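After this come two complexes, each holding chain A, first together with chain B and then together with chain C.
Up next is the complex of A and B:
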């Protein structure tokens, strides 16, 4: 059974002067368990809106979203449970930090869940470990941390809720390359341990290519493609029409393949590219 | 959260294109006219004038009604109460309730005045962008410089404050949502719970407003704000024929109202 299913989901923002602006149009998809799903799309294509729909913050104007076969909005009063099952970190999540210490901030979610002190403690320590937060900063003020550390604190705050589905809205935007790599590694390790569904919204195609099992391509609120990264990134012309690019390594390997008249498969990961180039070089030497 | 702030509705009508300084002066003059009119004929002329302005703004009447409806309704009710507070000969009486001729006149005059005042100021709000408003105000307040009031800084403060309001609202909304998805219970009752909910939202909001203010002041300093005394504007305010025409017609209206008050006075004031 799929973990999340969307059936004809539409959402429109009320556009002030009385007319509605559609932001998500009749989306249909289903997400299987233990997958990392990438979401790409131009700014304003509705990625964050989709994230909020899945998290139950906003209610679809039409259609329904099923979590483990059950409609999110079946029981209105229970929507808070949905927030706990589908954890969401917003863009720039560090702006939501507010407690005196990193520890307390991570504990905010689990305490809201009504867990015992001991359970909260284990949750916080585990989440901190997953997010790569060292023990010595747990007692510091979140406002004194570096950008990357703040970001990881905010992400740990959601991991501590222990959601079945974790949605990360552009978790690496505005970070330096090292901060970015650290966060991606944390997410990947977390996924490998937990085996839960992760929905990963990003602008950076290289990250999507390295991390994801499947990719959603959004454009103006429409779900244009939903397929493996390999398939999605082999359609470079469609992507460029939507204002998106393929990963750099894909472009490079395409040229290498053309020049050497070797295979025409789409390469999206660095490791595959290296292996492929070595193979080509070996072939030439013979 | 759907809060419309600064009710400006972009457009290209004559009213949109008027010099904001002239619009400020006109609005002020119209307020005086509205409150000095006490004859039925004068009120009728004013109402007609208002209707023409509404049409000229090229904004649908429905939108005016939507925006003024509640305030209008409330003031109308209070004006209606005027009916029962008139001295003189009762026109109608039933038990302790009596309605006098003066009461009727009173409430008609009050209602018409409030109605016109509301619609006129709404019309001004709809057709004047916040930028135009502040520039207009700046230009009008310039004489205050002579008394040591720093008009330019005052205006830049107002402009920035106006800009900050929608940004902070969006930010507040985002913070509210993110705490909600961390399970902050928004439905709990009781003062302690409400305060407990307040902190996770207000604290980050303050942090973000201060951060923004700091970044903005840096950016302004980088552009040498405050380095030179006289600042110029991208858009120069210009008074043209249509502005003169607007002033002239308001002057005409004033004369008309004074005249009507003379020849067709209601007996009260």
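Up next is the complex of A and C:
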């Protein structure tokens, strides 16, 4: 059974003069368990709106979203539970840090879930470990930390509620390349251990290609494509019409292949490129 | 007298922040920085999160004042409160988040905010707004509502707002990190244009390796100090520096290093086309040897 499904989901608001402005238009998809789903799209394509719909922060104006087969909005009083099952980190989640210590900030979610002190403690320590936060900073003020540490603290706060689905809205923007890699590795390890669904919104096509099992391509509120990264990034002309691009490695390998007439394979990961180049060189020596 | 080409001069600057009440120990965010930036330069500053990049550039127009040492802008000490307006007019800032920097509902009104506050004549304000909007390629959208713009467009409006003050220097703290690929290109092309055509000094903080290509000079920071002050070429040719600084975000560079690791020798570059040429050449030559 799919973990999350969207059936004809639209979200619009009244733009005045009787016109409705659509942020999300008639989307249909289903996400199976244990997958990392990438979401890409131009600014204003509806990525963040979709994230908020999935987490029950806003209600679809049409259609329904099913979590484990059950409509999110079937029972309005139950929507708080949905926030705990579908965790969402906003862009720049560190702007929402507010407690005196890193520990208290991570503990905020589990405490509000009504867990015992001991359970809260276990959750906090586990979440901190997943997010790569060292024990010695748990008692420091979150405002004294570096950008990368703040980001990890904020992400740990969501991991601590132990969500079935974790939505990360541009988790690496503004981080240096090392910080970026560390966050991605933590997310990947967390996913491998938890086997939960992760929805990963990013503008960095290289990260989407390396991380994701499937990719959603959004444009003006429409779901244009929902396929494997390989299929999505084979369509470079469609992507560029949508203001997006393919990973750098895909671009490089495509031109090299064309010029040398060696292969027509789409390459989306660095390691595949290396294997491909070695294969081309060896093949010719034989 | 002070040399005319030195726009910003940082002399022995240290900066520390700590709370005595909480009994914290003094921690230095910047340690003994010496730096000069000349008119017309395009300087990129890079380094890890927490290395002091943002703290350093906030000294360039007196948002922060040094705990030790001094910063001169056009020969004026940033500690001179009476001259602060003059300094901020010379050195303008653009920040990361496009939404935090737009204050008016209409594009041209937003750009006019700075010049209005300089107390200029109406005609002069109109002239400056017009030329600033043309410089960033937003003139056609001058009557548009600011909240309908894309991130890249908003950043360009923010740049126009600074440019309308006729600054000698624009400092940008990761202006592209919240933008999509197209928005990133728009902003960077605008900066290159302002630098080349108007001679505006650009100081750009960035993590994006692609954007470093345009800089004449790279200042690499680590733990509050300047680690390297050099050209891009020198930095990327040295694998240790770039790895250490977390500069290596380009797949092009990653590919080259990994091929080298497999014993395939190929020249180091971050220029995509050069990398393609080198790879194609290598495969062709291999064909010939066969």
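The working rule: the second predicted complex is superposed on the first by the 278 of 286 C-alpha atoms of A that agree within 3 Å, B and C clash if a C-alpha of one lies under 4 Å from a C-alpha of the other, contacts with A are read in each partner's own complex, and residues count from 1 in each chain.
The rule we apply is simple: contacts are C-beta pairs under 8 Å (C-beta built on N, C-alpha and C of every residue); 3 or more make two chains touch, one makes a residue touch a chain.
All values reported here derive from a predicted model rather than from experimental measurement.
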Superposition on chain A - do chain B and chain C clash or fit: clash
Contacts of A:140 with chain B and chain C, given as first, second, both or neither: neither
Which superposed partner A:245 touches (first chain B, second chain C, both, neither): second
Partner chain(s) touched by A:177 [first = chain B, second = chain C, both, neither]: second
First, second, both or neither for A:158, with chain B first and chain C second: first
First (chain B), second (chain C), both or neither touched by A:26: neither
When both partners are placed on the shared chain, which of chain B and chain C touches more of chain A: C
Contacts of A:83 with chain B and chain C, given as first, second, both or neither: first
When the two complexes are fitted on chain A, the stretch of chain C hitting chain B, from 23-31, 113-121, 131-139 or 239-247: 113-121
Complex contact set, residues of chain B against chain A: 2, 4, 9, 63, 171, 174-175, 177-185, 199-200, 203-204, 207-208
Contact set on chain A toward chain B in their complex: 14, 16-17, 52, 55-57, 80, 83-84, 87-90, 93, 95-98, 108-109, 112-113, 143, 157-158, 161
Touch list for chain A against partner chain C, complex: 41-44, 91-92, 146-149, 170, 173-180, 203, 205-206, 243-245, 247-249, 251-252, 255-256, 259-260, 262, 270-271, 273-274, 277-278, 280-281, 284-285
Chain C residues touching chain A - in the complex, by the definition given at the top: 46-50, 96-97, 150-152, 174, 177-183, 207, 209, 246-252, 254-255, 258-259, 262, 264, 272, 275-276, 279-280, 282-284, 286-287, 289-290
